[in-house]
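Here it is, the structure in full.
First chain written, first letter: the chains are A, B, C and D, and each begins at residue 1.
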């Protein structure tokens, strides 16, 4: 008879708080869940009554890692509500900024949070002794992506120049050229990253699920697009509630979502599975080296998909910079918003998956209602279902190994839990 | 044009003596036995490298210098805190001496009245000892010294010596006694209880022939000045040493400016008649 | 402050926050890898699994938003020689305190969590100094990397943390930025504590006050100036509470809330 | 020395040539305003600038400057750091030249400041004649700083197609001979220049309602004037007015160390008498506690104290502090208000 209880309080190396509660007696799993116990922060409630100019700077503070993602999505929702059109230059800069954040977040996750597990290190700090080269490479890539974000938004965490209508600052052509050179030089680091992550021994575990992401006709979608499900559905972003039917679970401050099945997955792996064809050829190469071909159903390979996306974003950033330089970069002010009552929804596929912001404004441009649906919430149910299936497969192993494997699964999802403390469906008038 | 006025000379910390809970006396030796060559009332800019610089009055008198000099420093912040943590043999930076000291020449042949309060004794001690070393040059020497508590009296050995001396009239006072502190009889200096102004009625002065000097916290010298004037001492016979924030010591940084005057260059010792109209002085 | 190997042990803790300040600490390693030689990190949930309970300096990120946070704060205070509030959430309550401005906290819970509102414990968000004594703060949302490193150095030297008491305009002028107020754009630079190197104005965006106000802000003049920039009374109030809601819509009430 | 002529087409090549041997600093666009910055492309030079956000004092006393480097440990050592590069400063207006003459006095009297003076010695100044007021805020005519009569190495006057170049020093003449493609002015050009100079005054309003020479005595009487209380209400104590002033030179000095605490630098930063902590001493006493008292100190320095010390007024009428103040505080209006109420 085995009686075993694994209770890992405050899973470390994830952004936020989560508890895994596995209770297996006589081979039965009593409880197996990932809890979000982060203190709730109530963003949707307290942005009510704030002027539209503040919204994307306030909601940026939902999450320090995907601040660009929240800020961009929020600005886009407001722009829809108020009918603001961005210039082409501003659109390109938004995408470029976004790539910076994807690289930044993925390198943080893959190198600082996931890699230590494979080297038996408790964190990136002792990893310095085990594989200094890798740590230095990670710091280098992180600096590059951070600098890319800062060049456009002023700083990476909570970009100041990113506002409704565009940017309050325009990088110079010299800065863009210098950045291009660094991105080109970073190809070497990308290559070494693919090398490193393709050498890792990912836990073997397959579970097919529904993958949901944004999609676009002409590019691998991050900023705006339509909602796409691997089960064959497509919706405009305005119909986000058809996908995200949220439900509350008592042990978690994060809300759960479900669509066609009992749960779905969002994030790098979902994007990879849904939009593989639009990846840059170099990124497809990387996928091949990582042994990944859609549809990939091992959730641990979410990290692999992140490495593929890093390669894609480096290449696509070079392309965007070329386009900007070719057009000629002009300092420009953000597009003016006409203050009026309105409602708007928009979405970006941020590092951890598809994100929705939905606002209503009164005729003075003050927010009256808000809803934000965060990727980690959407993954929460899927993660729990993965755990339900994984635990019986590994329950015979030593307790420490079970614990580590479950932690690794949680980390593979890259749950950004500070953002996941959210939310309710709101009726908009 | 390559010697910088801001470059400190690296000196060696000699003996360190704890004087009170917050003040220590530091002996400082310049390299190669150089002498500082200061006048009483002047100050140095003291550097603890990595922490910063602070202006400190030289408390030893030139007449008692053996090449080295003394600073009496209260621990109040970054530089003074770091200095208090230093050990004999440690290195610190010195620039100076700077500023205008006390007017020894106009004091000669006169009665002199010193009225320092608290840490204000530090700069005045340099002058008092110089005067005592040339005792014949001066008429009466009166010292009125006040501190908040008995435990805060500085230079107790010297105070004792001054009290004992026949040719010095030295009266001490403390605002109030320390609570729960027992003093050995030999340490127990004769002290009045009350603020420093309570000592003034105890002395008679030949006002016109007296040079009066004070230094201390602003609230204290305010009242001391009033007492001095009450005694009829002419304004131009009164001197005070002032404290201001200083970042250079050489009249550039602007921090120590008092109306149009620079405390570091025009002072720190000022004639009362010159500054009495200056709101920022008093 | 330091133990036998000469390095002070430091630990990081988080409460209600976006964790961006902790990330900024991680980011500071890009340019200051020697931080790891200067201190020994014994606890940093966001970046490491190891957990040590023996530390001298505690960096606390996040606001206190519920009763059960208080016990954790008391424990940290008991263990640490120095408690440093890391970032605006811990320093001023940051945007978390915007919920305090809503008419009812019950309604706030209901708005977000519906009929399950009761499961979610919350009270008005507060800076950690409202719960425990704090020895130093590193202001900002997020903190400034260089300032973080500077404070660490100053603490190692036994100095005051060295957070400026003067307003953002000083740094903005020294960088020779075109003043936004002169271009008719709102900016809280004249009343907000410097130390960020005027990053927002440098990038064309008016200061939003994330570092809290200077000790004696000229509140009324600020309102006059924003009025001239074309803001309505509500917009002015909103601007002045964006990051400082805990203190209400007036900068003056924050007086005495010095950084050191 | 004779007047020279520099064709406008010859300006860019001249700068190009100078750039090989000097750091060339001149006015360039910065957003909607201008700033003196090192020139990387001669096309960026804007001799038609109105005024700059910061005055050219930053070339001689940079905002942040290393005074010394040191090592820590058993036997700490200090080395003086004098950061100086051969520089040509282009396009200074007369008011700034007057201000620089005052800074020269401040940094050379009693204890000469090697840091400032080395940079001063290594810098050649090419100033520019103001033929029109730079904008509405300046009042140089009233402060007697409209003419550039000393302190330049070369001085340019815009003749339309070309600049007339006056030679102020031998170093200026050498510079011109070595790098410039110039010719002697014709009599016509010389008289055109003289005419421009003598007739320009009519374009400049006299905006001070009294003779600036009255300022020191006027301010003496104004120590307790109610104007300071009015400023108390409006001033933010943000220090912008002093930071942009070409004659303000107050500074702070701080030590910075590396993380290993093995070495460091002593850095001088610009400081401002308007900041609350400027005059605060240990124990918390502040000798200029109120914003009004600090504003009074600024006015006094500009109109009285510096005059008493150096024989020149501390305000050159450049108007920068007026332009920059978020609360629209104007030293010119202040002077006029005080004068109107007292005399």
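One rule holds in what follows: contacts are C-beta pairs under 8 Å (C-beta built on N, C-alpha and C of every residue); 3 or more make two chains touch, one makes a residue touch a chain.
Since the structure is predicted, the reported quantities are computational estimates derived from the model, not experimental observations.
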Contact counts by the stated rule: is the higher one at B-D or B-C?
B-D
Take the average of all CA coordinates in chain B, do the same for chain D, and state the distance between these two points in whole angstrom.
40
Indicate the whole-number Å distance between the mean C-alpha point of chain B and the mean C-alpha point of chain C.
43
Return the distance between the CA-based centres of chain C and chain D, expressed in whole Å.
37
Just give me the whole-number Å value for how far the CA centre of chain A lies from that of chain C.
25
Could you pull out the residues of chain A that touch at least 2 other chains?
none
Chain C: positions in contact with at least two other chains:
157
Would you give the residues of chain B that are in contact with at least 2 other chains, written as numbers and ranges?
50-51, 77
Taking the top-of-page definition of touch, could you list the pairs of chains it picks out?
A-C, B-C, B-D, C-D
Considering the complex alone, what residue numbers of chain C touch chain B?
157-160
Counting only contacts in the complex, chain D reaches chain B at residues 67-68, 70, 72, 75-78, 80, 82, 106-107, 109-115, 117-118, 121, 223, 249-255, 257, 261, 264, 266, 268, 271, 273, 278-283, 285, 287-288, 293, 297, 300, 304-305, 308-309
Residue numbers on chain B that touch chain C, as the complex places them
50-51, 77-78, 81-82, 85
Please output the residues of chain C touching chain A within their complex, sorted ascending.
15-24, 26-27, 29-31, 33, 36, 41, 44-51, 62, 65-66, 69, 94-96, 98-99, 101-102, 107-109, 111-114, 116, 119-120, 122, 141-142, 199-200, 202-205, 208, 232, 234-235, 238-239, 242
Which residues of chain D touch chain C in the complex?
30-33, 35, 53-54, 63-64, 233-240, 243-244, 256-261, 269-270, 272, 275-277, 291, 323-324, 326-327
